[in-house]
Amino acid sequence: MSTRLGDLVERLGGRLIGNADQTVVGIAPLSDADSSHITFLSNPKLRTQAAQTKAACLILSEKDHEAIADFAGARIVTANPYAYFAHVAQFFATLHTPARSPGAHATAVISPSARVAASAVVGAHVFIDDGAVVEDDCTIEAGCVLGRNVRVGKGTLFHPRVTFLDGCSIGQRGIIHSGAVIGADGFGFANESGKWVKIPQTGAVRIGDDVEIGANTTIDRGALADTIIEEGVKLDNQIQIGHNCHIGAHTAMAGCVGVAGSAIIGKYCTFGGAAMILGHLTIADKVHISSGSLVSRSISEPGQYTGIYPLAKNADWEKSAVIVRNLSSMREKIRDLEKTIQSLGE
Amino acid sequence: MSTRLGDLVERLGGRLIGNADQTVVGIAPLSDADSSHITFLSNPKLRTQAAQTKAACLILSEKDHEAIADFAGARIVTANPYAYFAHVAQFFATLHTPARSPGAHATAVISPSARVAASAVVGAHVFIDDGAVVEDDCTIEAGCVLGRNVRVGKGTLFHPRVTFLDGCSIGQRGIIHSGAVIGADGFGFANESGKWVKIPQTGAVRIGDDVEIGANTTIDRGALADTIIEEGVKLDNQIQIGHNCHIGAHTAMAGCVGVAGSAIIGKYCTFGGAAMILGHLTIADKVHISSGSLVSRSISEPGQYTGIYPLAKNADWEKSAVIVRNLSSMREKIRDLEKTIQSLGE
Amino acid sequence: MSTRLGDLVERLGGRLIGNADQTVVGIAPLSDADSSHITFLSNPKLRTQAAQTKAACLILSEKDHEAIADFAGARIVTANPYAYFAHVAQFFATLHTPARSPGAHATAVISPSARVAASAVVGAHVFIDDGAVVEDDCTIEAGCVLGRNVRVGKGTLFHPRVTFLDGCSIGQRGIIHSGAVIGADGFGFANESGKWVKIPQTGAVRIGDDVEIGANTTIDRGALADTIIEEGVKLDNQIQIGHNCHIGAHTAMAGCVGVAGSAIIGKYCTFGGAAMILGHLTIADKVHISSGSLVSRSISEPGQYTGIYPLAKNADWEKSAVIVRNLSSMREKIRDLEKTIQSLGE
């Protein structure tokens, strides 16, 4: 399944310099590519390597194009070579993935009151409950469970063993990975003489278009209002989103992040792995939290924020940790010194 | 499905001031409630807002009742309005949730040696293994797997895709959310010349009454003895409980908490999100651990404990982190200063 | 099902001192063992207790054997009593676990193009996709999903509800616990004007022999190349391994550890619970990371490394945290003092 460079450019844009009839069968890194591949240069430091690649075609920026004289193959010049690479890779991935036939597997159980589009694929042992809506071109892989009255937008893909519970909705072109649980109860209890009384969680989870949710990630339903995930949000694996959170469009979170209930997070934010956000906070747009940092207060200003204890050899850490524990006595000593010196000076 | 205030008070207690025949159809926050709702005031700061609510009835404390003169609707006076709200919300949630019919779905696989109460609901694609016992009024939703000889107490609810493995037990009125795994092997190995030899995990997990376990939470079976979760414990999502832990009654843990093996945790404790507890520790009753803190030693005294690196703008963090790494040299400098000053003074 | 001591030693090695025809039915700790049990001593501090155990046989080291004169039962002397105990416990666990009959449950769905060994056990509601290979003596428990063209090596055990996705492979004698997801997409996106463009993840996950993977752990497939888990690696529950990681043989990770993409981790390493490793790092062999520590740079030297904020009563932590936030002003003060003293001295 080879593809003409001309066809690629027609589909994805960019300026082709070279033979439009040249074909490629896939994408490969600069060093591994051969004459059947297209490759890309996104880091100017690799220009020398790029000039020597054996690829049939090189995706690169205008600047890199001007700087590289001696590459003999074709070129696609574009403003964002890395994004162009992603689009090309998507194109080839679609070519190479065998399509499932539309329709439901014989072992799937679909409520008579559910509406599943004829173009949708429903895998083995799937359960779709009353009133659920699955739109055109969706794929619901083996072992998924869809609760009552859920709505799954056009072209959305659930990998095997996703749980998508009562009343939740997701927009178009979404991807949910295996083991994710959308719409479990939020963690809400009233304390009565030391015992916990459950507060029913009657909101849902509403997810926009173009959202991707990682394996074993959990997003809780709201207590009264809904938990909201806006369009274009990307969540990695093992993430926990508490009830009534609101995550702004195009924000991305790496693996193991936790967001406590009712946090309001802006658009275009990024969260490094295992960052933790306390509840009822507001985080502005374009805030970037470093991996492993705990956010304990609202952040109103864009920028990069960090709070991690520096790693050291254990023996060195033990020394610094003892001092951290006693920092107030160190401050006392400095104050004493200041006083002594003042009196000496006088 | 409206309910008389008189019936609510008969069921849940509290002192009704107003028309017992007034009906309400649900609960809503102070600001959203209309004349078909009951609402509640648990924070005295919101008294002004409470006086203006359009709700038909206000749940409030004796003190707030005395302080609010001008609210025209009915009142339910109670010692703990927030817990009362929770009970009312439970009542309405039960009214509004469509009940499943008792019995097992045709696709469920139930071992002939299992005993499943006739009043229990067993969903699609459930597997119940040999010798399992599922008591009256249980609901086992789609895709759950129950191992050999498990016991599920009266009225307990498993959401879809719970795994509850061989020999484990849970008491009455429990709730386990989707993706939770109860009774996987604990992490036990002997090291033999650098390689790990598995130590079989032959204990089980024993869970008391009124326990709730969050989505994708894991509780490991014991190595020889059992892992114990006492009554009333509430675990949020994505929590890991190691083998042979013992968690005291009514302790609550927020999302992403990890408890290493053989930790003994008291009653009435709370753990903030992503708190981590090392193994073989003992934590007293009524200990409260802040989010993101690592507990590396036993705690014998009740109280709030914290250990998190303060968040800062990345540039500021880099400055403080460098100094933390070199705190012992800072201490040296202070000692030198003290000596110099002493000699100057002499 | 009792076993002769002579048979145990023949199977597992060690030097038996005592009656080879003495039988035992199981293993128990020193304090709980009775005359039907075998027990073990791995900690010399427990010699007195060991001498008094009622067990029929004591596994112990040469040194402890020489030090304990008065134990009346049989002895098995071995270089590593703890590992010997693990082997004995495995032996008894195998005796006591009822075997499943080979073959596939009637509700399992197996693609005609998959090759499942006749000796394999395939549980209820399992789905095995096109081209998958399941070798001899494997057990695939209820609710597992095996993707296209996966390979599961001889004698490997999947507990219920494992997801093992397209193209992934695992060697012999592996164990994967419930809820684990192997081969979900890595977290790879190119940014295009603030929006994220998915980079297809076309690598797989390759897992060696004798690997154990905990409940709800996730291992992502590689972007282009594969994610590699070498032989003998042991991963606890709730662990996240990013795309293109390479984990060296016999490395063990405790629960809740996160490893970001493209990290290269050596052999014989250990990671405490909730340790986090950033991406694109290289960790040498025999590195040990303490629980809760974040590894933000490569480590080339073996040893123990730590980076955790020391836990304190909340009031004490608040004091130290304020100072940590202002450490650079403390350093300023010390510099000022040094200058003042210098000028005083002159």
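Each chain gets a letter, A, B and C, in the order it is written, and its residues are counted from 1.
The definition used in the following text is that a residue touches a chain if its C-beta (ideal position, glycine included) is under 8 Å from a C-beta of that chain, and two chains touch if they have at least 3 such contacts.
All figures in this text were calculated on a predicted structure; none of them were measured in a lab.
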Check your understanding: Would the interface of chain A with chain B count as same or different, where same needs over half of all numbers used to appear in both copies?
Key -> different
Practice item. Could you work out how far chain B has to rotate to sit on chain C, using CA atoms and steps of 5 degrees? Key: 120
Practice item. Indicate the whole-number Å distance between the mean C-alpha point of chain A and the mean C-alpha point of chain B. Key: 27
**Study point:** Interface hub residues of chain C, defined as touching at least two other chains
**Key:** 107, 125, 143, 161, 179, 216, 238, 256, 274, 308-310, 312, 324, 330, 334, 337, 341, 344
**Study point:** Interfacial residue positions of chain B with respect to chain C in the complex
**Key:** 107, 109, 125, 127, 129-130, 143, 145, 147-148, 161, 163, 165, 179, 181, 184-185, 187, 189-192, 194-200, 202, 216, 218, 220, 224, 238, 240, 242, 256, 258, 260, 274, 276, 278, 290, 293-297, 303-310, 312, 316, 319-320, 323-324, 330, 333-334, 337, 340-341, 344
Check your understanding: How about chain B: which of its residues touch chain A in the complex?
Key -> 28-29, 80, 82-83, 85-87, 89-90, 92-93, 96, 98, 105, 107, 123-125, 141-143, 159-161, 175, 177-179, 210, 212, 214-216, 232, 234, 236-238, 250, 252, 254-256, 268, 272-274, 291-292, 308-314, 317-318, 321-322, 324-328, 330-331, 334, 337-338, 341, 344-345
